[in-house]
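Please see the structure below; I have some questions.
Labels for the chains are A, B, C and D, by order of writing; each one numbers its residues from 1.
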C-alpha cells in the first residue's frame, strides 16, 4: 500500500514538474514565468527529499526561496519600470526554424532517455562506496561534506573562483553606471510601514542563528558552508530590499577581503599541505577537523557576500539609514 | 501509518496542482504571489510528512529554512512598481 | 494502531481539510483580497494541524519544539506577507482609480 | 517503472523543454529561465542515477550537484546583470524585437 502510494506521489510530482517547466517556457507573461519558476524550485526541493538528498533540498530551499526569486523579480522590476507602453503592439519574433527546434529538442529527449535507461546498474565498487569506505578515515561524519571539502576539494575551490568571476563580471557590466537603483524604492513616497522594521528585527537574528546552525550541522548531517552561505545571502537580500543596506560605488577593504577569503584560505591550506610533503589539500589527520572547519567558515562568508553583491548589482554595499515612519 | 502520511502528502500535492490554475488565471500579480505563498506552506507541510515517512530528520531543517525565507519573495514582490505586474512582457 | 498514531492520522486529515478549503478559496473567491484572506488563514491552520500530527507521531520533545518553531515562523511570515501584499494591492487600486 | 527511471525520464524531458525555450524564446529573461531548467534537468539526472542502487547512497553526485547549484545561481546573477545592462543601453530586453522582421 505504502509502496503504491509512494509511486503515485512520485508520478504526480513528475507530472507537476513537467507541467511547470513547459509553462515557464510557454507562458506569454514574463511575470507568470518567474512565479512558476519559483514554484518549480519548491517542487525540486520535494523531489530531492524523495531522492534521499536532503543536502540538495536544503540548498534548493536557501537559494530558490531566498535569492533566485528575488533576483528575478528585481530584474523584472528594472525591465518594467519607466517603460512607456508603445502604441504599436510588441512585435513577437517568430523564428523560421521554430518547428525544427521543437523536433530537435524532442529527438534529444528520446535519445537521452533511451541512452540513460539502458546504462546498467554498476555491480562493482562505485565511487560512492569508495568514498564511504574512506569516510571512516576523515574528520567529518557527513559523506557529502567529506566529498566537498576533502575528496573533491578541487571542485569547491574552483567553484569559489566561478562565483568570484561572476561578481567581477556583474560589476564590470553594472558597476560603471553607479548604483543599480539609486531610487531606493522601498519607500515609494509612502514612507516605510512599521511592520517592516519589526519583520527585519525579528528575522535577522533568527536567520543568522540558522546559518550558524547549518554550518555546524554540516559536520554530521545535511548542512554546510553552501547552505549556510546561501541563508546568510538571503538575509543580505532582505536587508537590501528593505533599504537597511544600500549599494555603494566601491567595496571597502573588508568587503574585498571577505570576497577572496574563501579562496585564500583554501589555497593557503593546499599550499601548506604541499609544503609538508603531502598531496594538494590532503590534510594531516590530526588537523583535518580544525582545517575543514576553518575553511567552511571562510567559504560561508565568501559565498554569502558575492551573492548579495550579485543581487545588489553594485561594486559594494554600505549600511543604509534605518527608516522609521513617524 | 506510512501509508496515511504518504496519502496526505499526495493529497497536498494535488491541492498544489489545483492552485496552479490561479497562477495561470491571475489576473493581477498579487494573485500569483498569493498562490505562490500557498505553495510554500504546502511544501513545508509535505516536507514534514515526508520526513516522517522516510525517517530523514534533515528535512525538518529544510522546512525551517523555507519558513524563515518565505517573506523575502513577498518583500521583493511589493517593491515592483504599481500596476506593472499586469503588463504583458 | 495505537492511540497516538490514530490521533496523528486524525490531525493530518483535519489539516488536509483546511488546506483544501484554502485552495478552494484561492480558486473560487471573487477578488484578490478575499483570496488573500482565505489562503493566509486556512493554510496556516492546516499547516499547524499537520505539524501537530507529526509531533504526536514522532513523540519527541526536541522534535515538537522544532515543529513549534516552524509553525510560529510560518505564522509570522504569513501575517507579514498578507499585510504587505494587501498594502501593495490597495496602492495599485488607488493608482488605477486616481 | 522504478523511481530512478521515472526521475531520469523527467530529467530528460525538463532538459529538452529547456533547450527548446533557450533556442526559441526571444525574451532574454525567459531564456535564462530555460537555461536554469536545463541545469535542473542535469542535476535531477545525476541524483536519480545515484539512487539506482537502493542500498547505498552515492555522495559524489550529490556533492557535484551542490556545487552545480551554487554555480548556476552565480551564472544566473551574471546573466541577469548583462540583461539589465542591455536594457539600460538599448531599452530592449529581447532579441530581434527592435529589428525589422
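Throughout what follows, a contact is a pair of C-beta atoms (placed from the backbone, for glycine too) under 8 Å apart; a residue touches a chain by one contact, two chains touch by 3 or more.
Note that this is a predicted model, so its numbers are computed, not measured.
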Query raised in the report: Going by the stated contact rule, which chains contact subunit A and subunit C alike?
Result: B
Report task. Hop across touching chains from subunit C and tell me the fewest hops that reach subunit D. Result -> 2
**Report entry** Chains most often in contact, by C-beta pairs
**Finding:** A-D
Query raised in the report: Per-chain C-alpha centres versus the global one: which chain is nearest?
Result: A
Query raised in the report: How big is the gap, in whole Å, between where the Cα atoms of subunit B centre and where those of subunit C centre?
Result: 11
Requested in this report: Express in whole angstrom the distance between the two chain centres, defined as the mean CA positions of subunit B and subunit D.
Outcome: 21
Requested in this report: Find every residue in subunit B that makes contact with two or more other chains and list them.
Outcome: 33, 35, 51, 57, 64, 68, 70-71, 75, 77, 80, 85, 89
Query raised in the report: Multi-chain contacts in subunit C: which residues touch at least two other chains?
Result: 73, 80, 84, 87, 91
Query raised in the report: Tell me, which residues of subunit A touch at least two other chains?
Result: 6, 30, 50, 52, 55, 76, 79, 90, 196, 199, 203, 206
Requested in this report: Flag every residue of subunit B that touches subunit A in the complex, lowest number first.
Outcome: 2-3, 6-7, 9-10, 13-14, 16-17, 20, 23-24, 26, 29, 32-33, 35-36, 39-40, 43, 46-47, 50-51, 53-54, 56-59, 61-62, 64-66, 68-73, 75-77, 79-81, 84-85, 87-89
**Report entry** subunit C contact footprint on subunit B (complex, rising order)
**Finding:** 1, 4-5, 8, 11-12, 15, 18-19, 21-22, 28, 30-31, 33-35, 37-38, 41-42, 44-45, 48-49, 51-52, 57, 60, 63-64, 67-68, 70-71, 74-75, 77-78, 80, 82-83, 85
Query - Complex contact set, residues of subunit A against subunit B - result: 1-2, 5-6, 8-9, 12-13, 15-16, 19-20, 23, 28-32, 35-36, 38-39, 42-43, 45-46, 49-50, 52, 54-55, 57-58, 61-62, 65-66, 69-70, 73-74, 76-77, 79-81, 83, 85, 90, 185-186, 188, 196, 199, 203, 206-207, 210, 213-214, 217, 221-223, 227, 231, 234, 237-238, 241-242
Query raised in the report: For subunit A, which residues are in contact with subunit D within the complex?
Result: 6-7, 10-11, 14, 17-18, 21-22, 24-25, 30, 33-34, 37, 40, 44, 47-48, 50-53, 55-56, 59-60, 63, 67-68, 71-72, 75-76, 78-79, 90-93, 95, 98, 101-102, 104-106, 108-109, 112-113, 116-117, 121-122, 126-129, 131-132, 143-144, 146-148, 151-152, 155-156, 159, 162-163, 166-167, 169-170, 173-174, 177, 180, 226, 230, 303, 306-307, 310-311, 313
Query raised in the report: Given the complex with subunit A, which residues does subunit D contribute to the contact?
Result: 3, 5-21, 23-27, 29-30, 33-34, 36-37, 40, 43-45, 47-53, 56-67, 69-71, 73-78, 80-85, 87-88, 93-97, 101
